[in-house]
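There are two complexes below, and they share subunit A, which is joined by subunit B in the first and by subunit C in the second.
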Partner chain A sequence: MISARLRRSLKREFRQSRMAQVGALILVVIFITTAFAPFFAPHDPTEQRIGTGTTEDMSYLPPPVFSTTENVTVFEDGERVTREVTTQGNWSFVLGTDRHGRDILSRILYGGRVSLSVGLVGAALAALIGVPWGLAAGFAGGRVDDTLMRWADVMLAFPSLVLAIALVGIFRGTPFHTRAIGDPFVWAANSDFVPNILIPRAGHVAEMPESMTFPVTVTIVVALVNTVWFARVARGEAISVREEDYIKAARSMGTGKLTILRKHVLPNSMTPIIVLATIQVAAIILLESALSYLGFSGISLSWGQDIQRGQSDLRRGWWMATMPGLAIVAAVVAVNLVGDWLRDALDPSIEGEGGV
Partner chain B sequence: MATKTATSDVIPWDKIDMLLRHRTGRVLLAAITALLVYVVLSGTGIGPEETSTRIILSMVVGCLLWAHLVYGAWLVKRELQGLFVIWGVVTVVFFLRFLTPGDPTIALTPPDASTDVREQLARRLGLDEPLYVQYADYIWNLVTLDMGRSLRTQVPVMDLILIRLPATIELAVAATLVAMVIAIPLGVISARRRHKPADYSATLFSLVGISTPNFWLGIMLILYVAVTVDFLPTGGRSIGFAAAWGGLLMEGDFDGISRWFAQLILPAITLGTFFTALLTRLTRSGMLEEIGKAYFKACQAKGLPETIILYKHVLRNTLIPIITVLGLQLGTLIGGAVITEFVFAWPGLGRFLINSIHSRDWMVIQGIIIIIGIGFVVINIAVDAAYAYLDPRVELR
Partner chain C sequence: MTEILRVEGLTTRFFTDEGQINAVEDVDFRIHEGEIFGIVGESGSGKSVTALSLVDIVEKPGQIVSGRIWLRNPHLADSIRSDNPDAVDGEMVDLRSINPRLRRALRGSAFSMIFQDPMSSFNPSITVGEQIAEAVEVQRRAKANPRSTASRTQGFGLGQFAMATVLPSKRFVTPAGRDRAIELLELVGIPDPAQRAEEYPHQFSGGMLQRAMIAQALASEPDILLADEPTTALDVTIQAQVLELLEEIRDRTNMTILLITHNLGVIARTCDRVGVMYAGEMVERGTLTDIFRDSVHPYTQGLIGSIPQLDQVKGRLQPIPGNVPSLRAAELGDRCYFADRCPKAMKRCLEKPPMFDVDGSEKHRAKCYLAEQPYDEGDALPEDYFDG
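So, the complex of A and B:
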């Protein structure tokens, strides 16, 4: 599937293109910091510091260097006094805190876990459904092709966001809407089986949340609505390969249709599908964040949800809505840059969302 | 044969045929028909009551007639295909409702209502009928332009949609205009100065543009622009298109039009940025491809000014792939409109859709999705027709 020539072409393109290097670097950094979020997150992303009990009030802290001033009216010695209160950023909270005093940087790292895993799983799922669909349609041709592709037209007539909203709205009530997935690092740090010397910052990791919530319905839905792009590309590839001599040769030797599809058509259609899958990861991350922004994903710790909460606190500070959005832009830019690199190196003619 | 000779004495068929072969003749015929429809509508008093709706209706009839005169059998074929797609959308949406967990009558009645009351309600809404009867009823009602009533407010869904549709169309058109006005010159400049700073900044802009979630962009515009610039509101739609332009044209009222512009500009930028970025990319790569072709050299050798070569000859050829991709990306535009409306409290269909999903008003959800599907089909047919207009070699079959 990946020949030596392809590998050389990938390497050459990577060396020449500064953009590809930047994209790969950002992506690697985001991958490592989010996959190992318990090690990198400075605080527990769900821990609240609102000044009750023994904790200090840490809500609405701006990022360090910045400060906010506001007029606070207090009741003092029997009369109202209005004072100007200046809140100074704290280096312990590098990107500031939200209204409950939760650390925004930690929330971004944990939210990135959700976004990236939804993006990867969703794109993989979409390819798993869409590629056989398209290959079958393109290879069979005729009436099969017509029937399968008319359904693709129907699916295209639903804008993906609208369809996703409708589907999520339907399945919101089902028990498999979200799923808690245990964090292996936190489990290891808390258990007696794994010696704590093996884990860096074990004490810190042990205090992190034990599980993350994964939006199951949203993942399935974003995969379903993007399936049709894979089907289109795979169909185009299958049609272009169908009349090649080696397919005819295989057929004349009595090879079954499924075997031809698997052994000859699929490997030769792989490159545009890989490029499309990369671009789809970016599209799915954007779609997921939009769904969580609208409150349909059912999870509270994600980039989209944090932006939505930040929007309702716009008057209290700019950083709460700005920071998670910058994270989305960075992640999607990185994925798109890597996609551009793959496309330039493999150079297929490709259609589909963002496939320019 | 005999009847034909008989009528040709009265009606000059050959002259009409000649008229219809001519471009101006078709337009003239369509305009006359539109005028006739308007006169009949206002004379007999049937149909919509407002004058503006009547005007729009008669214009739509005229445009449809013109399109059929020009595109003929091809358009009919595409319309049939489109009807099939719309039927698919209707069917999918109708059966999706029955996947929804929970009985709609439970959501509509107070929690302490008896089963008797619920059964009565189910009978009134037709929910006790077998599924195929409900399906046939729904399709038949759709054919007669009846989408049922909202489960929550009991207002006909068609009315609810029609009062919100203009706001959405206005936003989508404005965003497309913003995208075209910025992106096409930017793409041309970028291709012309390849590997120069202008090209790099345009490429960077388009990369960031396609990677920015538009709801976040909207919030950022509210936070950093609308709050600092007094003139711009942070959301809402206080004046419609017709009121603003009507005020300007009839009464010379500049206040309305400036309010209209101010409320529209930030949502239009929010929705249009993705398309601006996409169009810039497409224009740039398309131009670069066309510049390599022989006719570009021929134009240069002929001594044509570069601006004319680029904008008149090269751009026209670049527009064809651009239009194809834009047609495919229409869904993104509509989905983006939904979320932009939500951010800016824009009273259109998208915000209505989200609110209806939150209140589980299935009749409204169905109606909005079907209307969006119809819009999608219609615009796609228009895109294909534009294809043939731009490239005379393309034959519509």
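So, the complex of A and C:
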């Protein structure tokens, strides 16, 4: 499906656009560090260090270089004494710690797994449903088109976040609300089948959490909510491709409708769909963050959740909400930059369309 | 010569929001085996819609309203004679009366179409060879036993279908289809066909692509080849080559060809018999000499008069005054549609003329009172009759 001409165009556009290079770089870094989070995370993201007598209290540590000063009131010899306590950042917690003393960098790397996987799986799912929906509507036309697209209009009439929350409410009772997936890296490090030489940090990895939780409901919901965009774009493409002479030629040969759709309509509608899919990844990452910020995702380790918790601690420290927020910004901006690059390379005439 | 196609009273209308449009109105003609039949007419005269109606791919809001399309197919005629006696007449089968599934299966094998613009008639994202192979494959399936899924799909199940959508390497081209595609490309005179089959449409020139399209049309071994303005988009030297190719195919395989064009020169050099269309009607038809030398209808005469003659350098061409009428049903009166442009319009022409035999010959017919009587100046319509 990717021709040599397209590859050349992609390369040329990539060389010319500094933004595309930056976006791709950020995306690759985010992708590798989150996918291989057990290797890169300095600490177990769930380990708490609140000072229980035997362990040191590591809560509310700011990032290194920064320090916080607080007035702490203590009773000393029956008297109230107010002391200034200065907390200094620590290089082993590069982005600081939260109220339970958990390492924020590790939490961001692990939380990114949720955001990225929901973004990618959600966009793929949305395309998988929306593209056939739109192609069928556009190609059939007439009453079929009306019926199918009125549904899309109904879905568009609701703000996507409200619709998503309502759908989560409907689906959350199902047994697949969230699903724990074994972490392949931890599994490999723990197993005897893989020689330790292959995984230099096997010891480190083995101490990491053994599974990650994947929010099945949220993924399905964000996919459903964003399906409409794919349906609309695919429909528009199908309508314009339908009028092409080669469709008429195929019909005159007796080619079936399904084959015409797959062989002639789909490949010639791919360009805007690919561009839309990348932009939708960003939109879905944002939507997922919003849902988990509001506490609908059913998982406790994600960027949205960490912002929400950090928000209540904003008076004690800015970094707890800001760091995951920056991660979201970086991911969304990077995806959008890559999307722009694809759009420019594939077809300069189309404008990006995304529902955020 | 055996008759292979007989069209009776074919009427195709478009029911648009702006009103009903009579694109093809009560068209009759016959084509014999191995013959090149030409349909000539101005833009918007219903030539192409006639062809689309034959293949049954008229797009909505268009609809074939009435008429019968008799195609010679002895095998099919025998098999449906007992079930559907109305649809059979001797060896002829009425394509409009058989069930739609059967009709679709016959699409490629009965008619193949060559379109005007070869550049837009190939899918730009698939190689030319693959598209020809598709036509081969569609025919193979249509001919396969309809009751056996295995024989129709040849192992190409739903899983393969899904795979083919995603993976370019899983494209549905059987080796047999590919070989046949190369063979066909060679037949239409494309050099180095094996190499060319792997190329994409944009790597072909217009003339080459038109050849490739003819190859694609031949892939299904059709009874009749419908060529809808096959040379219009090509430059003149290539036009001649393509016409030669069509004639060569006819001579070699006894293929029947229906050639649609607005170019009388093309008609004159290729066709055996001709039908002239005007405003959705076939106003005159006959052999090449009937039309070019003994034409009766003033429209046909006007068309011939407006051909540039190389031996008459001086003097202006004689165009037919006025324009083709709008085909909107509400605006079409019940008169001869050409009367307003006709230099020989008579009062009689305000009443629709039927099809007359010219000189008592059933082979040369014209929809004009002049076939029956000479022009009567005393009865002429005043020149400004239609201006008011």
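Following the convention adopted for this analysis, the second predicted complex is superposed on the first by the 346 of 356 C-alpha atoms of A that agree within 3 Å, B and C clash if a C-alpha of one lies under 4 Å from a C-alpha of the other, contacts with A are read in each partner's own complex, and residues count from 1 in each chain.
The definition used in the following text is that a contact is a pair of C-beta atoms (placed from the backbone, for glycine too) under 8 Å apart; a residue touches a chain by one contact, two chains touch by 3 or more.
All values reported here derive from a predicted model rather than from experimental measurement.
> With the two complexes overlaid on their shared chain, look at subunit A and say whether subunit B and subunit C clash or fit.
Subunit B/subunit C on subunit A - fit side by side.
> A:L266 in the overlay: touching subunit B, subunit C, both, or neither? Say first, second, both or neither.
A:L266: touches subunit C, not subunit B.
> Contacts for A:V329 in the overlay, against subunit B (first) and subunit C (second): which applies, first, second, both or neither?
first
> In the three-chain superposition, say which chain, subunit B or subunit C, touches more residues of subunit A.
The partner that reaches more residues of subunit A in the superposed model: B.
> For A:H177, decide between first (touching subunit B), second (touching subunit C), both and neither.
Neither partner.
> State whether A:D245 touches subunit B only (first), subunit C only (second), both chains, or neither.
A:D245 sits against subunit C, while subunit B stays out of touch.
> Looking at A:Q311, would you say it contacts subunit B, subunit C, both, or neither? Reply first, second, both or neither.
first
> Answer with first, second, both or neither: which of subunit B and subunit C does A:R113 touch in the superposed model?
neither
> For A:M253, select first, second, both or neither according to whether it touches subunit B, subunit C, the two together, or no partner.
A:M253 sits against subunit C, while subunit B stays out of touch.
> Mind working out whether A:R49 is in touch with subunit B, subunit C, both or neither, as first, second, both or neither?
The answer is neither, since A:R49 touches no partner chain.
> Please work out how little space separates the C-alpha atoms of subunit B and subunit C at their nearest point after superposition, in whole Å.
After superposing on chain A, subunit B and subunit C come no closer than 12 Å at C-alpha.
> Spell out the part of subunit C that touches subunit A in their complex, as residue ranges.
Those in contact with subunit A are residues 55, 57, 60, 104-109, 111-113, 115-117, 120-126, 131, 134-135, 138-139, 142, 161, 164-165, 168, 172, 200, 213, 216, 219-220.
> Under the stated contact criterion, what part of subunit B meets subunit A in this complex?
81, 84-86, 88-89, 92-93, 96, 99-102, 207-208, 210-213, 215-216, 219-220, 222-224, 278, 281-282, 285, 325, 328-336, 338-339, 342-343, 353-354, 357, 360, 365, 369, 372-373, 376-377
> Note which residues of subunit A are touching subunit C in the complex, please.
That would be residues 1, 3, 141-142, 244-246, 248-256, 258-259, 262-264, 266-268 of subunit A.
> In their complex, what parts of subunit A are in touch with subunit B?
150-151, 153-154, 156-162, 165-167, 169-171, 173-174, 282, 286, 289-290, 293-294, 296, 304, 307, 310-311, 314, 318, 321-322, 325, 328-329, 332-333, 336-337, 351-354, 356
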